[in-house]
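Here's the structure, in structure tokens; my notes come after.
Naming follows writing order (A, B, C and D), and every chain is counted from residue 1.
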Amino acid sequence: MKLKIEGIFPPIATPFVDGRVAHDRLRENLEKWNKTHLAGYVVFGSNGEAVHLDQQEKLALVDTVKQRLPQGKLLIAGTGCQSTAATVSLTNLAAEQGADAALVFTPHYYKAKMDNAALKKHYLTIADQANIPILIYNVPQFTGINVSPELVASLAEHPNIIGIKDSSGNITQIGEMIATTPPPPSFHVLAGSAGHLLAALALGASGGILALANVAPDECCMIFDDFRNGRYTEARKLQLKLLAANKAVTAGFGVAGLKAALDMVAYFGGDPRPPLLPLEEEQKNKLTEILKKANLI
Amino acid sequence: MKLKIEGIFPPIATPFVDGRVAHDRLRENLEKWNKTHLAGYVVFGSNGEAVHLDQQEKLALVDTVKQRLPQGKLLIAGTGCQSTAATVSLTNLAAEQGADAALVFTPHYYKAKMDNAALKKHYLTIADQANIPILIYNVPQFTGINVSPELVASLAEHPNIIGIKDSSGNITQIGEMIATTPPPPSFHVLAGSAGHLLAALALGASGGILALANVAPDECCMIFDDFRNGRYTEARKLQLKLLAANKAVTAGFGVAGLKAALDMVAYFGGDPRPPLLPLEEEQKNKLTEILKKANLI
Amino acid sequence: MKLKIEGIFPPIATPFVDGRVAHDRLRENLEKWNKTHLAGYVVFGSNGEAVHLDQQEKLALVDTVKQRLPQGKLLIAGTGCQSTAATVSLTNLAAEQGADAALVFTPHYYKAKMDNAALKKHYLTIADQANIPILIYNVPQFTGINVSPELVASLAEHPNIIGIKDSSGNITQIGEMIATTPPPPSFHVLAGSAGHLLAALALGASGGILALANVAPDECCMIFDDFRNGRYTEARKLQLKLLAANKAVTAGFGVAGLKAALDMVAYFGGDPRPPLLPLEEEQKNKLTEILKKANLI
Amino acid sequence: MKLKIEGIFPPIATPFVDGRVAHDRLRENLEKWNKTHLAGYVVFGSNGEAVHLDQQEKLALVDTVKQRLPQGKLLIAGTGCQSTAATVSLTNLAAEQGADAALVFTPHYYKAKMDNAALKKHYLTIADQANIPILIYNVPQFTGINVSPELVASLAEHPNIIGIKDSSGNITQIGEMIATTPPPPSFHVLAGSAGHLLAALALGASGGILALANVAPDECCMIFDDFRNGRYTEARKLQLKLLAANKAVTAGFGVAGLKAALDMVAYFGGDPRPPLLPLEEEQKNKLTEILKKANLI
């Protein structure tokens, strides 16, 4: 039976204390998130600082979240590595630990060589060998490459490739993906940022994986619920109201901003791992102001 | 009284025969467009090959369109030049010739110097000296620079700057502009391409200036009408159906593709001016196929 | 007989007083430049604010410089326009007025369509119809497109295309152009900025068209002379010494910086035309300091 | 005593057989390279597919090369990771295994946050904690970020940061780095590609880390020797002659091309790890032709 990827998922921030992953802090956060309508969690996505974690730390995160995962919520792991083989290996280890699906970014170090042929072979190999379904992760702002709608349409034919998180913010492209792939639960197109959530839903997206959902899970779920229930005006108002806050915890202040915001809204955030720098006092003041305006604090 | 910029406008292609502007062909096109629900026309925008026209040719275009302009439809002229003074001059000449508003692209040759301070002074000077209202034109794919929502919010305070056409396709940014500017008729945020029309409307855009509206005026107007009248499902279906055709006449085949498509749908298109090359036979076949799939021929 | 393009040329700044071209100020500058070893002048290149000048102003500039041009120095005009036809027309008008050669930038508004086929046809058409020899002008920082060495090698076969100014700063590419085109006077590869002058000479460039040569004509000529006469150590020392000043009058402070520097070294600079903003006081102080360190004041 | 980084270093390709690192093949390659004037080796740089190797594989590579390293040649390890802590850890493990210096790329996943402050803290922390000297590795084509000359000048003050490999190809920037850092052995500016080797030497670079030196070690060393001994004409001729071959094994065909070329010139190359695809037959034919023209086969 096909997994249904519907609704709002936060790519959860990884809490560090004294440089180590703080599983107790994570459990406290999960306790609160579990009370919301979030459809599940993404561990070690871009906002979870996947690139700052080693394999052991990643698997321990899967384990911790899995043990607190309420029935009906999904656990997705960000298992993309630069090499195909390493991605397959991590994906299956995460699956053993309890992950329901894997979110696999595009390999990108050799970006000029990551043409459709290379990416297609990469994803098909992974899909063939993975023990859980695969979601493509398109995030040009970090990788410097874009997954074309043509490639997505082709990959969507593989039964074990069940969707894409598109963080490009290119809404025309999101539309093209929706127009050229089978509908859920065969294939899911997911908004990659709260900034384009309503627009993506308006075109037929089945949900979103949203950094902002760490900090504002209820509000993000509300946009989704309002839209699904025909309350378009309310959805639009809330979408517009959240834009500044969303920008602050994504492009604006980045992962450090997301973590600072978590601290401000009574979750645990803490500092990112270096070389990411924590926010300076002035930046924190600005962030506080933005969150207040959005009624998040 | 403020001008209301609402609905769908095509940035009309400029017809050439034997290298000269073919006003008779333009009149024939206008006769057909005039029968649609188009809200007006943009002359010598990017799709009208403004950069391939001299000043005399531009003013003659204003004149020709003005003479066939039905009451209630608006005439907008693409008067942006690289220098502030030249833009003011062309804007006021177009106004004398009958233009209702001016669409002013960002100067961009010295792109590294076009920071907010330079762009702000440029637009404010123009707005002060122009005899018709100004629409900002943001088109990073041609200019290499982006107008930030912060700058737009600031420019929107000038009574003679009444809107923006944002062709960036960045729907989050379009949302930010809508969230931080006064509503129509004080300020209008317009979709810059049919690819993001529905998404922009869903966030509160008041219409669009769309290359595709040259070729598919009825369909573009239908998305607008469906949306405004609460027929969201129909709007979404039509939006998704038009994506491939829209891409073909914009990023895909460019101005030459737009003109070839006009010929295919029984308007006059003709060839663009060199260095733009006309479509090759194989490209035309592909375009025909795409237009057929979209039920445009 | 083929024109020989060898040595150092400044793309001269266009002086404005009260918004109009100040021909008297230009004549004063020329009087000083004429006493140096400069090989000639480029009028209305990028640093001459070509995009801020109308056709009449351009032709008047050719006239003024021609009348003061000492024998043996060349006059090159920046006649590139967006359309092929307009470029041909301006080139031949400049030729009538006395220009010895034309520097033709790549058309670039429709940059995605300016592939090798389009650019090749553009340049070949111009070369066929122009009454003076053509120099290709590659300046990606302003145009957003790059002329490939393959295209240059192909265009170099036309007898009326006699060289290229490459401002990309990509020294490998400059080497490729030198390696795949016939030597001067058949084809000349020219450095496009003083920052890569020595490197380009080391690979076989025949000279340079350098913004810095407006301000430091003697020093730029000295690098060329030192290199040609085997004084490599001296050439290298001077090259390294001028880097900061060169950056300041190009990428750093742009045309406004070049003009401010002219004023500082006892030429006439004045302000650029808007939307370019003149330097602020703090920027001027920084510029003064940089020029002092380079012993230019 | 300061390490002197002078001359030509290949960032050696990592040979794989049946998906595993083939240490015997590597030893055979080393035997041949050891007979040349190469100044040493870089293991697991970009061309060594660092991103496709796990830590154990990396350390085994250091060990294998160290055991065959002739006296006087240096062993440099590419120890850059995304996190500061992981980089320190890998650097010191490589040092224990025998590496003489570490080449540390810029962390880049969160590229928008890698400003001068973040990069400075990153490199200073590493330099403080590393047991071997650090070379900065600037490679915008892979990382999407550039290390500014200002930052380099500042980092060069740390006694344990002894140089930079700049692969940007921006020769003006290389000049700026040379002009603003102390001379070798305090700080070494190294060409990052054979395409700009001579140009960099002309400005004062102390050598180069060059993919092409895998395939054409003698020729790369010859350019260096010719230049150092005042044979400028010979150096220039050889530099121009190698440009096409260099492009083929770098930007042109990438790591797969470098490996195919190794096979063609009687070293062992083999295939890269997926997702990098091996060359197709047609590409191999083209590569053969290019290497023949450069007299490398």
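Methods note: a residue touches a chain if its C-beta (ideal position, glycine included) is under 8 Å from a C-beta of that chain, and two chains touch if they have at least 3 such contacts.
All figures in this text were calculated on a predicted structure; none of them were measured in a lab.
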Any chains in contact with both chain C and chain D?
none
Looking at C-alpha means, what's the farthest chain from chain C?
A
CA centroid of chain A to CA centroid of chain B, Å:
35
Taking each chain's mean CA coordinate, chain A and chain C are separated, in whole Å, by 49
In the complex, chain D residues that touch chain C:
169-172, 175-176, 178-179, 193, 195-196, 198-200, 202-204, 232, 236, 239-241, 243-244, 246-247
Residues of chain B defined as touching chain C within the complex:
19, 46, 51-52, 54, 82-86, 107, 109-114, 117-119, 121-122, 125, 141-142, 144, 251, 254-256, 273-277
